[in-house]
Every structure is written in C-alpha cells, then in structure tokens.
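Take a look at these structures.
Next come two complexes, and both contain chain A; in the first it sits with chain B, in the second with chain C.
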Partner chain A sequence: MAPVGSYDAIVVGAGHNGLVAACYLARAGLKTLVLERQPYIGGAAVSRRLYRDFTYSNCSYVCSLLRPEIIRTLQLPRFGLQLIPYEGGCTMMRDGGHLALYDNHDALRREIARHSKRDAEAYERYSRDVMRQCKFIKPLLMREPPDPTSFKPRDILELLHLGQRFHRLGERRMYDTLRFWSMSAADFLDEYFESEIVKAHFAGSSIIGTALGPRSPGTAYVLLHHYMGDIDDTVGAWGFARGGMGAISNALGASLQASGGAIRSGVEVARILVRGGRARGVALASGEEIRSRLVISNLDVRRTFLKTMDPGDLPDEFLRRVRNFKIRGSSGKLNIALDGLPSFPAIPAGAPCIRGDMHVTDTVEMMERAYDDWKDGRWSRAPYIDMLIPSQIDPSMVPDGKHYMSVFVQYCPYVLADGEWDGQQRQAFGDTVIDTIARHSPDFKSLILHAEIRTPWDIENEVGLTEGNIFQGELTMDQLLFNRPIPGYAQYRSPVRGMYMCGSSTHPGGGVMGAPGANAARAVLRDLRRMQPA
Partner chain B sequence: MSIEEVKSSYDCVVIGAGHNGLVCAATLARSGRSVLVLEAAGQVGGAASTREFATGFRVSACAHLLHLMSADLMRELNLAGMGLEYAAVDMPTTALAAGQPPMVVSEDRLGSEGAAYVAYAARMRRFAAVLAPILAAVPPRLGTQRWKDRLALLGAGWRIRKLGRRDMRELLRIGGMNVHDLLQENFTSPVLQGALAADAVLGTNFGPRSPGTVLTLLYRLAAQASAGAALAQPKGGMGALCEALARSATAAGADIRVSTPAARIVVEQDRAAGVVLESGRSIAARTVISSADPKTTFLRLLGAHFLDAGFVRSVNHLRTRGLAAKLHLALDRAPRFTDLEPASLGGRLLVAPSLEHIEHAYNHAKYGEYSAAPLMEVTVPTVNDPCLAPPGRHVLSAVVQYAPYGLKEGWQHGRQRFTDLAIDTLEGYAPGLRASIIGVELLTPEDIERDFRITGGHWHHAELAFDQFFMVRPVPGAAQYLTPVDGLFLCGAGCHPGGGVMGAAGRNAAHQVLKQVS
Partner chain C sequence: MPADAVRPPHFEQPLLQTPFHARARALSQVDSFIPWAGYTTVDVFTHVEQEYFAIRNASTLYDLTPMVKYRITGRGGSAYLNRLVTRDVGKLKIDRVAYCVWCNDAGHLIDDGTVFRFGENEYRLCTAERQIDWLLDSAVGFEVDVTEITEEVAALALQGPTSFAVLKAAGLAGIERLRPFEIGRFSIATQPVTVSRTGFTGDLGYEIWMVPGSAEVVWDALMVAGRSRGIRAIGSQALNVARIEAGFISPKIDFLSAERTIRIGRERSPLELGLAWLVDFDKGHFTGRRALLEESRRGVRRRLVGLDVEGNKPAHNALLYAQRSGKHEIGFVTSATWSPTCKRNIALAMVDAPHFAVGGILWADIYLNRELVWERRMARSRVVERPFFAPDRRRATPPADF
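For the complex of A and B:
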C-alpha cells in the first residue's frame, strides 16, 4: 500500500547508505520514506536473478567494511543478515605460478617464503604497519569531518581531536602516517617486498574502483580496505552475505520497516522541490508530489545537484564545484553462471584459497599498463581481475552442483575513445576478460552457462551511479575528508536548508560501509534538535 | 693554493661545491666560522656549472635558467658585487605545437583563454606567496614539546587561514590534486594546458595525471615568488652564478679546494670529527656539512654501520631515479623555428603540446623506457649571450623528458636513438636544424650521476613528492638538516625544500648549523 500524506524525511535512493540513514531517522521517531527508482532496493548492494535460479551479487560482491556498530544498532542479524567470513585468497600469474593467502599465520609465512624468504620476514613488518594505520583511521570513519576554515567551536574541537589523535602516534609514526597517506601503493610495497607476485597480490586492493594506477601517489592508503574488514569482530576479515549482497539491503529494509519507516520502490524522483531556500519535498517522474520537511539524497553529488535539482535553487559557485567533482568510471563486472566448479591447475588440489578472492595478474607493471589503457579510453587488454565463487560457501545462491562467479575487472572506461558502448563492444570486453581467466582454467569456458557483462556505462544506467563509479567519486586527497564531496559542504549538508547528502560521495566514501548514511542521519538529527529546542 | 697548504683543522668542512654547498659555506663564513669547501670536480658548481661540450661551445650543464634563487639570498651574498651579470631576465615562455602558430604564454597574448589565465595566475601567485616562507625555513619537527616547532606549524596554518575562506578551501583542495584535473577545470586550450603542466612535471618522476603534481607546481611557483627575477639567464651560463657564489664565500674567508674529493667522514666518539680525503689526508672539523645527495652522504661517505637499521632502510628507499636528460647542440647558425617571433627565440620554448602528450611521454618512464615523443624545455642561450659560442654560431640547450635512469635496454644502446628522436622532434618545429648541427651531447641521468656525483642523476637529488617533502625530506630523522650523527649536517637538494638552482637548502642548513653549534 502506498503511504500517503507528508513526511518528516524523504530519502532519495534505497542504496545501502540511504537505507542506513532512513533507519536511524525512523528510529529517532521521524516519519521517514525511502524512494527507489528500481523495483528492488539496494542500489549497488543487490542480489538479482538474471538467469534461471542463479542469484547474482551483480554489483558489489564482498562485505568487509560494513561498520559493526551499524550492524548492532540496526539489529541486522535479527532481520536476516548472516555474514560468512571467507578465508584467504590467491593470485595467479601467467607463467603458472601462484601465491595463496591463508588465514593461518604460519601457513601464510611458509607460502610467502616459497617466493622469497625476505618477503616472509617483511610481511610481519608490513601487516603491523598497515594495521597501525587502520587503527588510526577507523575511528574517523564514523565522525563528521571538521571544516578547517570554520571558527565554530564544534569544528575547532573536532580539529583538535584529530590533531590529538595524530599527536598520540608519536613522532616517528606521525611521519610514517604522513608518508603512508601520500605514497603510491607501488612505492609503499617496494619498501617491504622484493617478489613480484607478492607485490602484485597486495597492490590489487589499492586500485579497485579508482581511476588511478598502482604507481599513482595516494593509492597506498586504499590498501587499508583489505585490512579494515570487521566480520564477526575479526579485524581484517572479509565475508559474504548469505544470499548475496542484497541480503544486506533487505535486512536494512526490514529493520527500517520495523522502526516505522516506509519504502516505495519503482518510483523515480524527478525533482527535489525547494521553496524559499528550503527543501519541501520531491516531485516524482509520474507527476506526484510528496511533501517533506527534510530531503536526504543517497544519489551521488553530480546526480543529486545537476539532475534532480533546479540550478536556480543553488549558488553558481556551488554548481561549478559540483561539476568539478571527479567521478570516473573505471571498473567493469562480469557475473557468470557456471555448470560446475572450474579447475585452476596452478592451485594445489583442495587448497582453501579458491574459496577466497582470486586475483589474475602478474606484476604491478601489468596493472599499471592496464591503467594506461584506461587513460586512453580503452578497456585493459590485460586487465586486473578479482574473482570470487561465493556459491562454494553459500550454495543457496545456485541450483545443486552449479556455481556462481563474480568477476571484478579493472580497468574499463565509461567513455570509449573509439565509439560508443554497444552490444559488440560490450561483448568484446567480456571476451577479453573470459579469455584472460581461461588462460588459468582450461575448463572454464566450457562451464559457462550465462554471463552478464557490465561496463561502467551499464552500471550508470542501471544503478544510477554517475559514470558507473562504484565509490560515487574518486578517493583522491582532493576529495577526501573535509574536501568530500565539496569544500565547505563536507558535513552532509547542502546550500539548501533541510536538504542533505548521505551517499558515498560524502565522507568517508565508498564500499558497502554505511558510514556516510549513519553520519548523515546524525547531522540531520542534530540540526533538528537545534531548530526545536526541546 | 693546493690542498697541502690548507689548515688541518676548521670549524666547518662543506663537502661539495654545488650551489647549495657554496651558499652554505658563504653563509657560515660570513658568520665568522672557518670554512673549507671540498669539491671533487676540477671546477666549482656541481650540476650548476657551465661546460664546454664541443670546441668553443659552452652551455649550462643541467639547469639552464635561473628563476628560483631568492632575491634576499642574492643580496645577502652580494652576488652582483661578485660579478654575477644577467644576459637576459624575464624571458618569455612560448609553447610550440605542430600545425599551430607558437603560443606566447602571457596574460595579454592568450586570446579567449586570457581572462581565465589572469584569474588562474593571480590565484596561484597568492598561494605561492603563502607557501614561500615555508621554503626559507628549517622544517619543524612533529611531536616535540618545543614551542618553536609548534609555532612553525601554527604559523603556516595561520598564513593559509589568512588567505580567506574561499582561497583557503581551494588551496586545501588542489594541494593534493593532479595538475591535469586542475588545468582541465580552468582551461580549454590543449597547448596552454600542456605548457602549464610542463612546469609541474619538469624534473619529476610524474605525469600530469599523477596526484601531487599541483604540489610540485606550487613548489616551483613559491620559489619563484621570492626569486630575484622570473626566468633569467646568467651571463656566462649557470657556472657564472656559482663562481660568484664561490667569490662571495672566499671573500668572507672560506677556503675552497677543487679536484679534492672527500673519501669519508670521520666519526670519533659518536660525532663527526672531520673528513679524510681520497689523497689520504685528514682534515679535522667540529662540523661536517654534506651537500652530496643523502645516499652518497650516509651510505658512502659516512657508512651504514654508524646508523641504525631503520634509518638505513629509509635512506635506501629514498627514490632518486632521475628522469630528465639534457641535450646540447652546437649549431653553425641560429635555429629557425616556424612562425616564431624573434623575441621568443631568446626565451624558453616548450614542446608540450597537450596534457595527453606529456602523459604519454611519462607512460614509458614507468617501465624503464624513454619517451617516444618527449617533453622538452628548450633555450638558445647564445641569442642572449653570444660569447658562449664562436662568432655567428649558436648553442641549443634542451631538457628532455622522460629519459629514465636505469633504462631497460641500457643507455649504451639507447643513447643514439633517443638523441635522434629528440633532434627529430626539434626538426619538426625548426626545419633545417639537423643540417646545422656541428656538435651534439646528450647527458642522460646516468651521465649526470657520473659527472656530478648525484646518485640516480636526479636534479632534485631525491624525488619531489608528498612522501619525500618538507618534514620528511629526505627521510624522517634527517629532515632538519641534522643527521643521527652529531656534528654531521646535510645541505644539498636532497633536503627541504629540494633542488633547482635555489640555494634555500644551503642557506637553511647554515642557519641550523649556526644555531646548533655555537
């Protein structure tokens, strides 16, 4: 039944961040409505059946960053969310060599030592140093970034808090932190490792979703993504959601409804309505208008301000900055239904690493060359591939004996230098990826039942992410913290009163983390308290 | 006076008579210290020297333009009085692009981009002015309880704050950005974008899309902000500057010995106690200041065994791979660039026709290859200073990027082809040039390493990047010109604020020595 009347808060877009924000608002007693263009909720955290009884996590494919405090507060396990940690992973090289990652520390050491004894030693230093950076950064994820140009007590206190935390690291580690945040992943890894495959394995997580190569300064900190996981309170763990990534969105949706919030899917917001400098509600594509005191947009900033708002409602300077916000499509995705489990001759039989994320790459150089292709408007001819076969751990996703493979591909451009994305180009891109995998798995091609090929162009059209960028904006220094998304508007608020942002375009950025949604809800609630002193 | 005639004990021994070593020595001598400068080569200047590369043809060996040295420093050391003269000042920059008339990069010559350029240049100048004082001071240390360090940080913060909210936000945003995006935001002309990006990447291991290239651009602009003259050419080449610096040092009482390589730094009771020369002679000193690059200083002259393992690891990891080659041509007549105004020939010419051109040139460098279509900064110094060549003849001097140290195929093998490629590129803009060539020299980073004793042949001694900048330059624990060994200081381009013919490192180091050793 469609809800009627006016609302306290409308959230535009039922991505995971929109749902998280809505949950917090509904729990605070606001009459909250989430509007979603697609007939299903979740945005890029979805499970979809596109081929027979196969469930695809057809956009995001791994759960690592979802904040444990959100899982707890919104009682997601109660609403059906089950997270299953997966163990290890591996990297396969063209020459048949491989590196397997194990949870077991001793096994991992032995495996790295197989490639280089020195690197096995260095790994201890590496994981300690990276973990240290994680510990520094993690508490900042759930805080509103301070505005360094502001003299408001709140901003000054927050800046002092940041400074104090930094200071507590001690001199030596402060320098390490400064360097870590500004280095390239390639340079950072060079400081620890000598073996090409060890470097290539770790470098993988530094480029996922970004329009940068492993040699670009500023990519080292993206390595943290591999370590910031918190599945079952195991630091650094990654996991699957049982039933695919949509299970997260569904649990959030259920939690929202249990708190009294409402969701309407299959309705597209055409305009966010503004009168007298205040948000008043939204107009749907159908012409229907829904009133609300507050509007919170889960869309990326470009889409929010350039496509769903009247430019006349926004200052010119702000619009210029929105246009200058960098959102670049750089990743593609294949979802493949398999007739059986493909074999990977390089991996020893029975090794658990094929239940984790398997990388296909050779060297950091190969990844950098893949990036060079992207810069020139081509998909990588020898791409970096991160693939998972979640059906090994969660058989509920597939019919008996079959498998589902998620293949993340870096790099794939949004705009091609030679022509448009059409069926032929898309197929050629998919073939490149399939051929690359088949080099490591002789029976892979013969097992393919169905393959969904997704370019950034497809992701934009379906999910609504500008240019198909999975983080709703590049994670570069000029677009992080108080610069994200726009200097002066990094605290989830916009130039229009009552209008907020809660997507990954805001601090701390992308990944299925939920932190932007939670932080935005907190900002909204604080403003409400200020407006109505109880 | 030969080395046998110098005293056997000094307050300070400076290793290396490059411009930073000489600035440091002159500053110390003027404060009353007894100073000896040791130079391995047969002349002073290091990489800032003038070199005869073909009979009768002379050229500035590495940097060929003077635009970074602060006017204060030049006055302080009385360089004008010591014989420094300019052959040209305020030289124009002209961007070359195939099939288009050359574009003079100046506020009133850019047509439709003029207004955007005026706004951009004014904003960048405001930022540069705020950052300039940072270059002229010893970087603060983090985490100390000392008010001096805290005040230095607060001072920098306050200057940025004083820009006003709008500018402050913009500076904090673009500070970590890449120059490609910045120029895309501001301009539409590919040639102008290329020319402005060239200044951000010259001498660095970056392309325009590399994050941090706005920082390297601001660095250059900040130094220019306090410089004596925008783009100047010393009469007699860059070597003339160092000769003036040497005269200034000598006039203040410093002894300078060329052809006198230092073999090692002597450490006694955990502190630097002097230097042993390659000849075997020892010279005692309370303070040893090295203008050599950090790897040479710590690993060769000092020795890793005096340092702890973590520090040595940091020094080893310092990125010092040079990317810029230098091409020198002896010409039997003035080159004729198509459609170039006569005034432009005496200025700086850039072959950087677009952002993509530079980025593609850089791509090769990542894989140990040289650029197939390089980026070039060209001057014809004989236009302003005819005495560098025989009458009627000319010299062309070009910085050519990217030509990586450690070329995969080896420079032995690649030298000729890269030289041809660079000359072909120039021939495209100046038809007939090739036929007028009577002498050629290409200095690759490996030649620069050998001739000027700079590890990696990098003209900044160590890559200029966020993680090797300011408080962590060259490495944490040696960023204030101090080293883990008492009495041993650094004063070269490997220190804050870095290279280019600026002299700030030498001067800051001298002030640190004066403060630490009374």
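For the complex of A and C:
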C-alpha cells in the first residue's frame, strides 16, 4: 500500500543510517517515510541473490561498528538480527609462509613469536595503546561534535566535555593522542614492531576504504576506526550478520515499520523541494511530489547538495566546500560463488584463521606500491585484498557444501588514466584480483561458479555513493569531528531549515555504525522541541 | 623425551607443557589445570587444604617452570640492571638473589621479580610476565645481552619446614650452610642443579633450577627423599593462601603492570604497594626515580595494606568503607583468605589516604552465598602490619632438621 498525504519527516535513501534515523524519528511519534531508489533497502548493507541460491553481502561484508545502543533501543535482535563474531585472520606470504591471528592469547603470542619474539610481546603494548585511543574516542561516537567557534551553551558545554576528557588523559597520553590522530599507520606500527609481516598485517585496516597509502599521514586514525567497534563487549572484534549484511537493514526496516514508519522502495528522489529557505518535501523522478516539513538525506554530502538540490537554494561558499569535500573512489569488490572450499597451502591444516579475514600483502612497502598504482589512475597490479569466506560460519548463505567468498579490493580508481570503465576493463580488474588469490590457492579458479565484479564506478551507480567511496568521504583529520563533512555544518544541519544530513559523510563517519543516523535524529528532535515550546 | 615432536600445533593446543607435566598429570586427582604464562599448570592436585597444610607443616613441590626467565650478560650488566630496577643491584654479591621491582618513567610498576647474580657479569631475572620488549628498550646504550631462557630452565619450588631435611636426605652436601637469598650448586640423583634459598611462601624453602632433561629425575628423587617428611605436590591455589599469609603481592591480582593498563589511574607505584624499602634514591639514576622522588615527597594517594577482617568469611573483592553505613568508599580488597595457620581472616587491600594507617578501622562489604541465598555483611576490619605469618624457621641457618 503506497502511503498518501504529507509527512513530518522524509528520509532520502534507505541505507542503514537513513533507516536508523527514521526509526528514531518514528519512535518519537513523527510520521516518517523512507524513500529508496533501488527496489530493495539497505544501501551498502545488503544481502543479494545474484547467482542461484547464493547470498552475497555484495557491498559491506563484516560488522563490528554498529553501535550496541542502537541495536538495543531499536530491538534489532527481535526483528531478526543475529551478529556472530568470527575468529582471527591471516596474511599469506609470497614465500609460502603466513602470519595468523588467533583469539587465544597464548596461541597468538606463539604465532607472532614465529616471526619475532619481540613483536609477540610488543603486540601487548600495541593493543594497549590502540585500546587507550579507543577508550578516548568511543564516547564521542554517539555525540554531536561541538562547534569550536560557537558560543551556544550546548557547544561550549560539549567542548568542555571533550576538553575535560582529553585533559584527564594526562600529559603523556595527550601527546600520544595528538600524534596518533595525525601520523601515518606505517610510522605508528614502526614504533612497535620489527617484523615486516606483522606490520603488514596490522597496516591493512589503515587503508581499507581510503584513498591513502600506509605511509600517508592520517592513516593511523583509519586503523583505529576499524578497531573501535565491538561485539558483545569484545573490543576490536568483527563478525558477520547472519544471512548477510542485509539482515541489518531488514531488521532496521522491520523495526521502523513496527514503530509506524513507512518505506517506499523503487522510487528515486529527483529534487529536495525548498521554498522560502525551508525544506518542503521531495519531488520524485516520476514527477510525484511528497510534502514534508523535514527532509533528512542519507546520501553523501556531494550527492545530496550537488545532485538532489537546486544550487539556487544554497549559499555559494557552502557549495564550494561541498565540491571540495574529499570523497574519492579507491576500493573494489568481488563476490564469488564457489563450488567448494578453496585450499590455501600456506595455512597449516586445521588452522581456524581461514574463517577470518585473509590477506596476501606481506609488506607495508607492497601496500604502498599498490597505492602508487591508484595514484597513476590504474588498479593495483598487486592489490591489497580483504578476503573472507563467511559461509564457513554462516550456513544460511549458500547451498550445502558450497561457499561464498567476499573479496574487498584496495586500490581501484574511480576514473582510469587510460579511459572509461567498461565491461572489458571491469573483467581485467576482476582477473587481476582472481589471479592474485590463485597465486595462494591452486584450486581456487577451478571452484569459481560465478563472480560479481564491482568497480568504484559500479558502486556509485548501484549504491549511489559518490565515486564508490565506502565511507561517504575520507576519514582524515580535516574531515573528522567538527570538520565533518563541512566546518560549521558538522551538526547534521544544512543551510536550509528543515533539511538535515544523516549519512556517513557526517560525524563519526563510515562503516556500518548507525551513529550518524542516530545522532542526526537526535539533532532533528532537539530542533523540533525548540520550535514548539511545550 | 622430546615430546614437542608429536605435540599438536599452537592453534590447537595453545598452552605448553612443562618438563614436569607427566608427573603432575599422574598426581592430579581432580583434573584442575590453569594457564600460567603460556603453560598449563596445576591449580589443585587433590584438595587445597591438604596441599596448604603441607606447605606449613611438611614439604611441597611446586612447578615453577613457567616463571619467565631472562639471562642478562655482558660488561654492562650491573649498570643496566641498576638503571632498570629501583634497588641497588651494585650491592648484590655473586651467588645472591634480590627481590626487585622496576618502573616506567612515571614511577609506575612494570613488574616485580627476582634478580640472581651468578657471576661478575652474569645475571638472571625471573618475572611473572613476559616483557622482552621493555627489557630490550631499556638495554639501549648498555653493553648487555638480554635473552629469554624460560624454556631452557626447569624449576621447582621445594617449600615447607621439612624442605631442608628433604634436600639433606636427597644428598645435597653443604645445603645446611645455604643462607636465605643465597645460591648454591649441588646435584640431585647425579643431575646438576642450582639451588636458591628463596620462595613465595614466607616459610623455609628452596627453589631448584635445572635443565629440562633433568626434570623428571630430580622430581622423582625429591619425592623419594621426602616420603618420610610428608612431601606432596601442590597447585597454585594452596600457594596463593601461603603467599597472602606471607604478605607477598601477586601481579594481575594485587597490581597490574603499567605496561598493561588501559584505563587512567590503574597503574601502581612501588610506594603505593608498600615497597618503599625496595627503592634506593641514593644509588644514582634509575627509571622512574624522579617521579618516585616526587611521590615520596608529596605522599602516596593510596597504599596496599594488610587487613584483619572480623568473622571467618574471606573478604573476596570487597569494597571498603570508612563507616559501617557504607557511604564513604575508601578502597577495595585485592586478595583475601582465611589463614588456617594464623587462624585469622586476612586480606590485602588498596586503601585511599589517609585511611591506610596501621590500627585504623575500615568496613569491608562482603557478599556471602549461603546455600544459594546471597547475604551482605559489613565486616569490621583493622589495618595491620604485613606479613601475617613470618616464622623464624624461614631464616634459621642451618635450618632445623625435622
């Protein structure tokens, strides 16, 4: 049944953040509608059946950051969400060796000690320091970042809160925090480890989704961004959503509907309507107009303001900053249906690490070279891959005996130096990745039943993320906290009254976290209370 | 027997076995094993009480192999150790052992342990936790080699009032002359061993160090020699009761290494732990000196104290209050036990200033599970001197020949 009439709030885009925001708004009693261009909801958190009975998490593929507060308040487990942690991971080396990560502390120490006894113990110091940074940043995730230039009591109080927390760290940790936020992952890891393979393994999370190399300043923070999630209070743990990442979106959708919210999928918003400096609703591509006094965009900041709004409704300087927002495509994705479990000769038989994330980049240098290719406008000839076979843990993804492999690929440019992306280029990119894996798995190629190859161009076109950037904008200091997405507009509001942002372009950024959506909803509700004194 | 060849890989069996494992396995009646520093070790063999009373009444064997051991050699050994630890290692004579602590720059405790001096430039450092990372960082600029040798040295603690008699019966000529904290070289059943008169029980006792290949022979010989002296193998639980009576602190129980803390304010200084006697400000520079000097000038914010708790229920994990009303929280218990030898209910506790003065009265909030019904009791507790138990026999040379 198509909803009719006007709404209190329209959320543009049914990505996980849009759904989270809509849930909170509906729960607050607003008549809320979510509009989604695709016939399915979820944005980049989807489960797709593109080949027989195989389910692909064909965009985002693992979960750790989804805020426990959101899971609880929105009762996502009641609506079918099951998060299952996976164990460990590994990096296979070019010389046939490997480094594995195990959950068991003693197994892990002995494993790292195979490469360096000292690194096995330095790992304790490394985890401690990363945990210390997590402890500092985690409470900031679910808060609206304060505007340091504002004199509003709320901003001053929030700044005080931030300052106090920072000050409480003590002199040494204050220095550490400031260094950490600005340094490169390679430099950071050099302060702990001596073994190349150990550094390479941990450096991986500093580049995922980022158009930066491990030697670029700012990547130490990206590493932390991948570390600060938790599953059942195990900080840094990653897991699968049972049934694929779409299970998260579906649970959010069900929660929304249970709160009285509505979703219309398969309808594209062509314009956000503004009259007299106020948001008034949206116009669909079909020509239909839907009225609403509040519009919340889940689209990235570039797509929101440059593609779905009339530039005449926005200040020039604001628009210039939007155009300058860094949101660069750097990642590709392969989703592969397998006829059986591939063998990995580098990994000892029975080692559980193949149930975690697997990699084949064994030095930081190799990772940086992969980045060099991206700068030259081509996909990495020896790409960094984050490869998982979730069907080993989640039996609901595949027919019995078969497997699903998710391969995240770094780096892959949005624009190629030698021409447009086309079917041939896409296949060549996919072949590069498949050949890379096949070097570590002799039977891999023969097991492939189907492969979906996604370039940044594909991700932009299907999901809507500008340049296919998975974080809706780089996670660098100039685009974090009160600078995200744009200085002066870091509190989910836009220059147009009644028009808000709730995507990962806003604080605290990307990953299937839900915090931007929840924070945006809170900002909307606070503004409503202010407008309607009780 | 090189069991390693057939051992499953670390991802299937993460814990190592000590060279005494087969013996321990055979004597274990209750299958109670716990991990300790990467090894599987016995928590309880038969019954904690029986094992405990053997420590105070007869003799006990405790497998000490997992204790992390570092060999420190080189011309800069003394200078290095003196920079590392807070005590004056320069005063440590050859063939003597010293209990030491070491800190980071902020004067926070990294670990405690024992330094053995075997020669002019040969030391061994025994610690509870692995820390080669810290030890190597500290070695920069010193002519010194630091190597972990945990797996190369098997060790047994032989503790209890009859331990001297057991060693004599085992044929250790001259063992009667070995003084507390002294090291001697002997043989047991033709196997060469190093014996130090040290221990973690606060009682008469020895620690016996050997190559792993000698482990089972030495164990068997001591068991035979001790049969008429009531020798038995003990696990960690019994030892824990004895070490609380002796007032010794235990890492991860009474303090956490400053290298491991994540939260702010969880670090501890040696002054807070009541170890000021181990800090020698006059010996020259050592890591943490400036911070400790400042702390000793300013006075500590909290201190580890001994408590004598009313009643007989151990004050495990109890919060401490200044008044019975339980309004003003002033600390918490870190270790607690009923002392079967002192017949007192004792505890170690971290108490805020100024409540840590000896003689002061605090209230421990104890939760009791009585047949599955939880009850809460405010127990009057008095701050007392440590150790709770320190018999003269531990120091007597020659020791009594029971």
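Following the convention adopted for this analysis, the second predicted complex is superposed on the first by the 532 of 534 C-alpha atoms of A that agree within 3 Å, B and C clash if a C-alpha of one lies under 4 Å from a C-alpha of the other, contacts with A are read in each partner's own complex, and residues count from 1 in each chain.
By our rule, contacts are C-beta pairs under 8 Å (C-beta built on N, C-alpha and C of every residue); 3 or more make two chains touch, one makes a residue touch a chain.
Since the model is a prediction, treat every value here as computed from it, not as a measurement.
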Partner chain(s) touched by A:Gly488 [first = chain B, second = chain C, both, neither]: first
Which of chain B and chain C A:Ser216 touches, first, second, both or neither: first
Touching partner for A:Asp478 - first (chain B), second (chain C), both, neither: first
Which superposed partner A:Glu365 touches (first chain B, second chain C, both, neither): first
Partner chain in contact with A:Pro148 - chain B first, chain C second, else both or neither: first
First (chain B), second (chain C), both or neither touched by A:Arg172: both
Touched partner set for A:Met131, first chain B, second chain C, both or neither: second
Which of chain B and chain C A:Met183 touches, first, second, both or neither: first
Touched partner set for A:Asp431, first chain B, second chain C, both or neither: neither
On chain A, positions contacted by chain B and by chain C: 169-170, 172
Complex contact set, residues of chain A against chain C: 100, 102, 104-107, 109-111, 117-118, 120-122, 124-125, 128, 131-132, 135, 168-170, 172-173, 348, 350-353
Complex interface listing, chain B residues touching chain A: 141-144, 161, 165, 168-170, 172-178, 181, 185, 206, 209-212, 313, 317, 319, 359, 363, 366-367, 465-467, 471-472, 476-477
Residue numbers on chain A that touch chain B, as the complex places them: 148-149, 167, 169-172, 174-176, 178-180, 182-183, 187, 190-191, 212, 215-218, 324, 326, 365, 368-369, 372, 375, 476-478, 482-483, 487-488
Complex contacts: residues of chain C adjacent to chain A: 9-12, 14-15, 35, 38, 106, 130-133, 136, 148, 259-264
